[in-house]
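Following are the structures in question.
Two complexes come next, and they have one chain in common, chain A, joined by chain B in the first and chain C in the second.
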Partner chain A sequence: MDIIFENVNYTYQPNTPFSHQALKDISLEIKSGSFVAVVGHTGSGKSTLLQHLNALLQPTSGRLVLGNVELPGAHHEQIKSIRQRVGLLFQYPEHQLFEETVKKELLFGPKNFGFDLKQVETELNDSLQEVGLEESVLDRSPFELSGGQMKRVALASMLLAKPQVLVLDEPTAGLDPLGQKKMMQLFKSLHENKQHTVVLVTHNMDDAMRYAEKVIVLNQGTVECVKSPSELIHERDRLKAIGLDVPEPVEFVEYMKARLGVLWEEEDINEQTISRTLVKHLKGGATS
Partner chain B sequence: MIQFDQVSFQYKPNTPYVLNDINLTVSEGEWVSILGQNGSGKSTAAKLINGLLRPIEGRVLIDDTEITDETVYQVRRHVGMVFQNPENQFVGTTVLDDVAFGLENIGVPREEMIDRIDESLKQVGMLDYKNHEPTRLSGGQKQRVAIASVLAMKPKIIVFDEATSMLDPVGKKEIIETMQYLHKHYKLTVIMITHDLNEAAYSDHVITLHKGRVWLQGTPRNLFQYGEKLKEVGLEPTLVTKVYQSLKRESFHIKEEPIHFKELVDELWTLYLKT
Partner chain C sequence: MNQSLIIGQYVPGESVVHKIDPRLKLIIIFIFVIAVFMANNIWSYVSLYFFVFASVALSRIPVAYIFKGLKPVWWIIIITFMFHLFINSGGNVIVSFLGINVYEQGVFQGASIATRFFLLIILATLLTLSTTPIAVTDAVEALLKPLKKVRFPVHEIALMMSISLRFIPTFMQEMDKISKAQAARGLDYTKGKLKDRFKALLPLLIPLLISSFKRAEDLALAMEARGYQGEEGRTKLRQLSFSKIDYIVIISLIVFLVSFYMIRV
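== the complex of A and B ==
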């Protein structure tokens, strides 16, 4: 399903003294099957935007198209179908887990969406395996698990509802480096093998640049720019100006250029291209 | 000074030991990072330092006093903790109330309390937010208030248990800078629990735990030298380490293992390009 924002505005508590406009005239398109990242400083409107993606919030004005459903104005059944087709993974898994056992937790979504539970039960083990959990967790309380395991349970329960779009809010925060990498690889393979649309909301510019095809940069409720990672590496000053982190490899390259007079000729910036360029420069290849 | 003397710990009987025969010494005024993957025992070690947990075997000593039922409340005054999730450590309805909470608990006189609150909020740059509600602050600001609450108790040691891992890059930077300032000006002993090697680079010493045992104890440079081997204990070598390893394969060496890309680039310039 394609996702299209057309001049979307969203205001919290409108017509009150606490009124606050979190999204201002947002227009953008997320193509079916694409992998996009949404980045922005705290308060840029990221969370508000992501809550629109599964109709937890609806535009105050403007138009939002989610596949064949248009907001505002959709009826209850259509909104329910959006909730099934767009899975949301929250930053704090404890905010979305509530059942007594992992098994009940996993079955909750499918039950709610009217799936055949006998069929779903046969899929439980595969689904645990997919997210890297052992079968033995099924009878445990989700709250006894570690943060990383809880996140995997939340992810498995999201996947069992068979969504087309995965919306991931800071999915790797609080995980150790190995866990972070595995989690990102898992999203990548879901995207590649099952054609899921992935919307990654993150502060981590390294992840955004490494995995996304397009990066949507938000600033104070507006779309600052939409760029591919290879375009974004040239926007260092702009990213800094709006309080975003410049990925470490980009800083590395800037420093090499300034200090050593290195000529940067590579398209991508990563450890291989940095090493290659440095070696070339040290051997005198770049200056000769 | 913090000492772990043959400390072992398990959460329940007949479950695997989370910490196994740990011996450690952290001197006064040191900044030590405890690294390790999820489940390596690092948060358990942190909770042993202020007596939230007690060893099954062995002893934990703070300034030569063993933590026991009798000494734990005394010891805890010297050891402050800042946790991972800023949401989970607020009790007051305003920033001021929150910092006052701990002081009320230990019965500090009102006049002194006012001074201590202002002083500690000032040290973390949050004095202007004294009457704000904690819920309306950013993640980094919340963590700085949490630090102020700890600081008001005049601890000798502060344990930061993954205190930056939920924050955005700006928030992370705020907290690291606050830690550096406090470490320098108050000669505080800082224990930082983390899995971020770039963060650990700021410390005097690093202790890496793996499966409940000490895997490595040394300087950040010692740790960075392990390169790809760090993956065995669930850590990710930093970008500078990876680049330096490729350079070494091409026979470009510098004097010391670099812990920051600027160091590497500066050294390369001095050794190979300076004319």
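== the complex of A and C ==
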């Protein structure tokens, strides 16, 4: 399903002294089957934007199209179907665990969406394996798990509801480096093999650049720009200005240019172009 | 979620009402409670309304905001009014429909009880909106001090109060997050049979309870780590003292009370 924001505004607690406009005139499009990353300084509205994607929040003004449903104005059944088709993984998984066992926890979403639980139970083991958990956790209490394990349980529980769109709010925060990499690989394979749309919020620019096809940059509630990773590497100063990090390779290239006097002629920045340029530079240095 | 209940949510400001000493504010509320029950004719009620709305105006907190926060209370006020309207049978009949008579006394009784309730709630809301929870508890502790003589745990009670007040907004935010997380998993507590709806509250209440316990534990640990050991040898960071505004407020209060007393019959 395609997702289209048209001049969407969102205000928290309108008409009170605490009112705060978190999204300002957002217009953008997320194509079905694409992998987009949302980046921005803390408080720039990333989580607010994400919560619109499965109708937890509805635009204060403007229009949001989620496949065949339009917000505001959708009725109850439509919203429920959106919640099933768009899986949202929250920043803090401990906010949603409540059952006695991990197994019940995993079945909670599918049960709410009216799935055939017998069928879902046969899929439990595969899905545990997918997210990197042992089968033995099934009978344990979710509260005994570590933070990383809780996150994986929450993810598995979301995947079991068979969403078409995966919306992930900093899914790798708090995981160990290897775990982070594996989880990103999982999203990548879900995207490539099952044609899921993936919308990923991350503070890690390297991840955003490596995995996403498009990067949405938010700044204080507005869309600063929407660019592909290869375009974004040329926006180093602009990113710095709004408080964002630049990926390490980009920093490295800047360093080579400024301190080593390397002549940079490549379009993309990756291991190959960097090593090619370095080799060229060193050879050039040897001959002269 | 946290949009309909505003009592306990401090609205920062620089108004006169914000600056009044919290002890004086508590005393005013106490006096006002007595005054409300002493009012006995239309003009004394009018003067109470004047008192309350003058305070609201001085606080510069939007009236609409305060009213919105009263939403959960409106029903109680309306039901109280209706109750008196139908059961009190003093004075002349004003209207009568469907065989039910509405009497003069009923209207007056209903209106005055509803008014008392309404005014008290507004003033209490105003107190919490214009005073930080910390200031309220400091004031409670200061005013209850004499009870220490009879070994009443004033300090502990005040501490418990300030912690609970401090965590109301946090609690609300947490509730908001949890209900969103569960709604995203398809939880629906707006439909179905009553029993199902109660069941649907579990996924909200359990995470909320667990996070509250965790928070309490963290807080206790943090307090201990910083050497908290109860009241003994503890000095105050914020000393309460009366300022010019407070004396002006006291004089106006006395003027008001005297005229209020004279207006009554």
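FYI, the second predicted complex is superposed on the first by the 282 of 288 C-alpha atoms of A that agree within 3 Å, B and C clash if a C-alpha of one lies under 4 Å from a C-alpha of the other, contacts with A are read in each partner's own complex, and residues count from 1 in each chain.
By definition in this document, contacts are C-beta pairs under 8 Å (C-beta built on N, C-alpha and C of every residue); 3 or more make two chains touch, one makes a residue touch a chain.
All figures in this text were calculated on a predicted structure; none of them were measured in a lab.
Chemist: Classify the contacts of A:Glu248 with the two partner chains as first (chain B alone), second (chain C alone), both, or neither.
Modeler: first
Chemist: Does chain B (first) or chain C (second) touch A:His41, or do both, or does neither?
Modeler: A:His41: touches chain B, not chain C.
Chemist: If you tally the residues of chain A touched by each partner, is the higher count for chain B or for chain C?
Modeler: Touching more of chain A: B.
Chemist: After the superposition on A, what does A:Gly132 contact: first (chain B), second (chain C), both or neither?
Modeler: neither
Chemist: Give one of first, second, both or neither to describe whether A:Leu178 is in contact with chain B, with chain C, with both, or with none.
Modeler: The answer is first: A:Leu178 touches chain B but not chain C.
Chemist: So in the superposed three-chain picture, is A:Gly33 touching just chain B, just chain C, both, or none of them (first/second/both/neither)?
Modeler: neither
Chemist: Just chain B (first), just chain C (second), both, or neither: which does A:Ser146 touch?
Modeler: A:Ser146 sits against chain B, while chain C stays out of touch.
Chemist: By the touch definition above, which chain A residues appear in both interfaces, chain B in one complex and chain C in the other?
Modeler: Dual-contact residues (chain A): 92.
Chemist: Under the stated contact criterion, what part of chain A meets chain B in this complex?
Modeler: 41-43, 91-92, 146-148, 173-179, 181, 203, 205, 243-245, 248-249, 251-252, 255-256, 259-260, 271-272, 274-276, 278-279, 282
Chemist: For a test of understanding, state which residues of chain C touch chain A in their complex under the given definition.
Modeler: For chain C paired with chain A, touching residues are 2-3, 6, 9, 11, 61-62, 64-65, 68, 174, 177-178, 180-188, 190-191, 202-203, 206-207, 210-211.
Chemist: For chain A, which residues count as touching chain C in their complex?
Modeler: Result: residues 13, 15-18, 51, 54, 56, 76, 80, 83-84, 87-88, 90, 92, 94-98, 108-109, 112-113, 143, 157-158, 161 of chain A touch chain C.
Chemist: Which stretch or stretches of chain B touch chain A in the complex?
Modeler: Going by the criterion above, the answer is residues 36-39, 84-85, 138-139, 162, 165-166, 168-171, 195-196, 198, 231, 234-236, 239-240, 242-243, 246-247, 250, 252, 261-262, 265-266, 268-269, 272-273.
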